[in-house]
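Here subunit A shows up in two complexes: once beside subunit B, once beside subunit C.
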Partner chain A sequence: MSNVFAGQVLTLAQRSVVRTVRQPANIVFPLVFPLLLLAVNAGGLDAATRLPGFPTNSFVAFALAIPFIQGALFATMNAGTDLARDIQTGFLNRLALTPMRGIALLTGQLGGIVAMGVIQSLVYLGVGLAVGVRLESGPAGALVLIVLAVLISIGFGALGAFAALRTGSGEAVQSLFPVFFVFLFLSSMAMPRNLIEIDWFRAVATANPVSYLIEAIRSLIIVGWDEEALALGFGFAFAITVVAVALASMALRTRLARS
Partner chain B sequence: MTDRHGIEAQGLVRVFKKGPRAVDGIDLRVEPGEIYGFLGPNGAGKSTTVLMLVTLLPPTEGSARVAGYDVVSEGPHVRASIGAALQEAALDPLLTGREHLRLQTTMHGMSAADRKQRSGELLERVGLTQAADRKVRTYSGGMKRRLDLALALVHSPSILFLDEPTTGLDIQSRLALWAEVERLARDEGVTVFLTTQYLEEADALADRVGIIDHGKIVAEGSPADLKAQVGRPTVEVVPADREERDRAAAILARFGEPCGSAAEGVAVRLRSGEADLAEIVRALDAENLKVEHLQLHQPSLDDVFLAKTGRSLEGAGDEEEVTPAAELALDRA
Partner chain C sequence: MRALAVARGVAWRTLHNVFTNPSLLIPSLVFPLFFFVAFAGGLSQVDNVPGFDFPLGYTAFQFVFVLLQSAAFGGVFTGFGIARDFETGFARRLLLAAPNRTGIVLGYGGAALVRWLVTAAVLTIVALLVGMTVGGDGIDLLGLYTLALLVNIAAVLWAAGVAMRLRTMQAGPVMQMPVFLVLFFAPVYVPLSLLQGWIHGLATVNPLTRVLEAGRGFLAGSPTEVGVAFAVALGLAALFSLWALRGLRSAEAAG
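The block that comes next holds the complex of A and B.
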């Protein structure tokens, strides 16, 4: 990677982070809302831990995986909206008139998402540990958890970037948010799949990739090193990221259709 | 081959998806170091032409060379030679002026030392040194436009495209920007392609003007030549006593043929040009006719537009205005 390209990526990533930091709502909601939801769920669904076969006696530990996914959704929607704004205001045209390579823009944008993903993961993990959750996989598991959470953020972020680049509309990006949330609610978010009694719900949750992302994070918290869960979680996260980055790259090529 | 600093276009056409023929066969030649004013109402095709010349939009038909490079096959060379401040300053309200310059200089691959030096120079030149570390959302319209200009100049381009650079600015900001554009052309030999819907801007700044309407150039030449094509100046006189309107008309008739005027006055198109003005004043005085108002009207570019299109430029842009960013967004969605 040349110095010029590296400098471009770094500067664009810095811009992405700076822009997020200067919009407090873009930091506060991705951090606070998932934690509030965790508190509500942990309080209301604690009795679920008494179900035969429930994998832990702490619902907080069970549900701590959810904020990592929700946080990634929030942050990536915000990043996608910011990119759409760049298109609408002509800022992307300004960049297109420089020798910047399109891949630098996408990498820089995703670099900002990585930075936000690391910060969010550290906060969620810190809050979990502070309320008594014990990470069964230990310090190395914490590191793997953060890597997986960041990979998920990149995948979702690239989907947000794809929507922004394809439509050029912040509203279109925002409209993805409920769709992602439907995927989240139709997953094993609130109950292990083997304990879901409604057949269609269990089938949907089994077919839903988000279930495997959550279960991989959850396994590191409440199980330890579950190779199958981690392989499925990383596999789906990687697949989502590859597909999303490919789609975003194609959309960027069309958007930056300078001669 | 076009000179390294010039612009040349032949039969340039752009048709948008499900849209109109925004640019309809434009031929252009802009000489090195020239300020070329591209004048027309909203929706005339000015911004679309600029987007094609700066390589952001491929022409549907025709060809164009900018700085000697083909805009379709040699885009990177074109972009390296030009600076552009497109319609509506495309700035990030959350970044400071200095951060914008840092971003732009980095994208142009400058070294850290060059970035710092060039940013400082440009901030000084556009009078934003004091405001450099303020977020752009606190800038006035004029400050944004000046920053926009500075960003277009970071890599010292030989050709500068300015798309309606003073739209919405107060007169003071407008004059400051005109002065900087003139300085760039005069002192640095930068070729300037400037679109505007302001007659006075084209008149004051441009060496040559192209008037565009409905995607076609309807007139081209220096402002003086264009106005001369339309006709001679007129003189309008309003007598102090409105009952003496006929007597005023008889005196003025010695100097030219009658033409339209305000209801209470009379006007003639001068036979010998503005040199007759002193004679008219003497004749009115000799006839002891008291005058409330006397005015010499030089033909304006609006008269040129009127003569060529049958409409006045003021208010001619009844089409819904589409910004360049919106045009691209529509085209690529």
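The block that comes next holds the complex of A and C.
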């Protein structure tokens, strides 16, 4: 049984990866845009490192965590949109007629996201190292960083899949993008939380799980091994993934029952 | 006269579409507010950076950038509408029916202008409500909003030129990305004097830097580089007028 299931997952993951690779915009944009923003922010906000209490003297190192989250957001949108297209074109309906288990579709889709997440992480990390960022946590930290980034991609990807399965509309999935961006901007993305002056903004950033995802990645780059930041980052990433996968599974059951 | 009649019709239809469709209206209203909140709120500490010398504080410093950004993206969003009109076939019917086709470009431009004025009004009210201080008098503020208006016109003409050449919604990134780059390669977060390295070099030669600095000068009540800023804004508007009109000819030739 498990071999059959693994085969189904592998087939669908392969399909997901091939479909992504065949649309260069789905690869280039998630890779290039976050790096472009990194360049803009790092150049424009470098003076902020002169603030008393700023944790590093390199804004590139400070901001390098952001592309990992933005990359995950783009992957979410692409994965969700692809799944919505499967629904709109009737692929899911045809799949429901085969012995393939529904959950294999979800797992396969997430397999594609894992592949994309690894590629993105390697590129962002490579660019960071190339422009002179030194990982305070060393090579083992790089490995942990990639694992965390992939976990975040899976969590966000499952949220995209949930939106696609719930609405069956690519446009609805795309409209989630600004919502995710709000979470990103209202976080400790550009300034450490203790240096955010405006009280309500600091409170929102503290309540925003995205702050902890960014801070965990950032800690590996500029601090070293910060157990608290890592525990919070992995904890939130895991919680988002579990909740999102559960929601997507329920939506998939409903969607297949409707077909 | 015929061009004006066409322009009025196109502008009315475009505005009707925008103001009766929340999915088109809300993003153009909400995004500038959101950027304003994220930049002015999250980065307010930046005004404590040694050498940060804008007298009105960080909220006012960011307001000018977000105002110009809303003007530029208001133009780009209208460009998306033009591309959609070509995809649905409406623009081709319009080309057949319009007695003066230059009026089509004028109409889209007019619609972008009205659309941005609404966004600018909302943004200004919110900025004042959150305590933004204004140092300039009425004439200074007129200068600021006129500069932003010229940016809006230049952006819509740029986007219209792209939309009329490519005639597909897939042209969205081509319209958006250069505008994004020009905006963000200006001194967005700190004054030009605090930028260092490659970004300082880019910001120095970026024409929008003059517009942004002049806008901040108007708001602070100490106008600076006014002549250069207006020359740049008018120059961009004139250049992209030619670009848009050539785009119109390209669309006509494509049939």
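Operating definition for what follows: the second predicted complex is superposed on the first by the 256 of 259 C-alpha atoms of A that agree within 3 Å, B and C clash if a C-alpha of one lies under 4 Å from a C-alpha of the other, contacts with A are read in each partner's own complex, and residues count from 1 in each chain.
The definition used in the following text is that a contact is a pair of C-beta atoms (placed from the backbone, for glycine too) under 8 Å apart; a residue touches a chain by one contact, two chains touch by 3 or more.
Note that the structure is a prediction, hence the values are computed from the model and not measured.
Of the two partner chains placed around the shared chain by superposition, subunit B is the only one that A:11 touches, whereas subunit C remains out of contact.
Touch criterion met: A:95 reaches subunit B, while subunit C stays clear of it.
With both structures placed on the common chain, the touch criterion links A:45 to subunit C but leaves subunit B unconnected. In the superposition on chain A, contact is made by A:23 with subunit B only, not with subunit C. By the touch criterion defined above, A:167 lies against subunit B but remains apart from subunit C after alignment on the C-alpha atoms of chain A. Applying the stated contact rule after C-alpha superposition, one finds that A:247 touches neither subunit B nor subunit C. Judged by the document's definition of touching, no subunit A residue lies at the interface with subunit B and also at the interface with subunit C. Those residues of subunit A lying in contact with subunit B across their complex are 4, 7-8, 11-12, 15, 18-19, 22-23, 86-91, 93-100, 166-169, 254-255, 257-259.
Remark: subunit C residues 23, 27, 30-31, 34-35, 37-38, 41-46, 48-52, 173, 181, 184-185, 187-190, 194-199, 202 touch subunit A in the complex.
Per the touch definition, subunit B reaches subunit A in the complex via residues 54-56, 58, 71-76, 78-80, 82, 84, 86-88, 90-92, 94-95, 99, 102-104, 106-109, 135, 151, 323-326, 328-329, 332-333. If you check the complex, the residues on subunit A that touch subunit C are 29, 36, 39-41, 43-48, 50-51, 175, 178, 182, 185-186, 189-191, 195-198, 200-201, 205.
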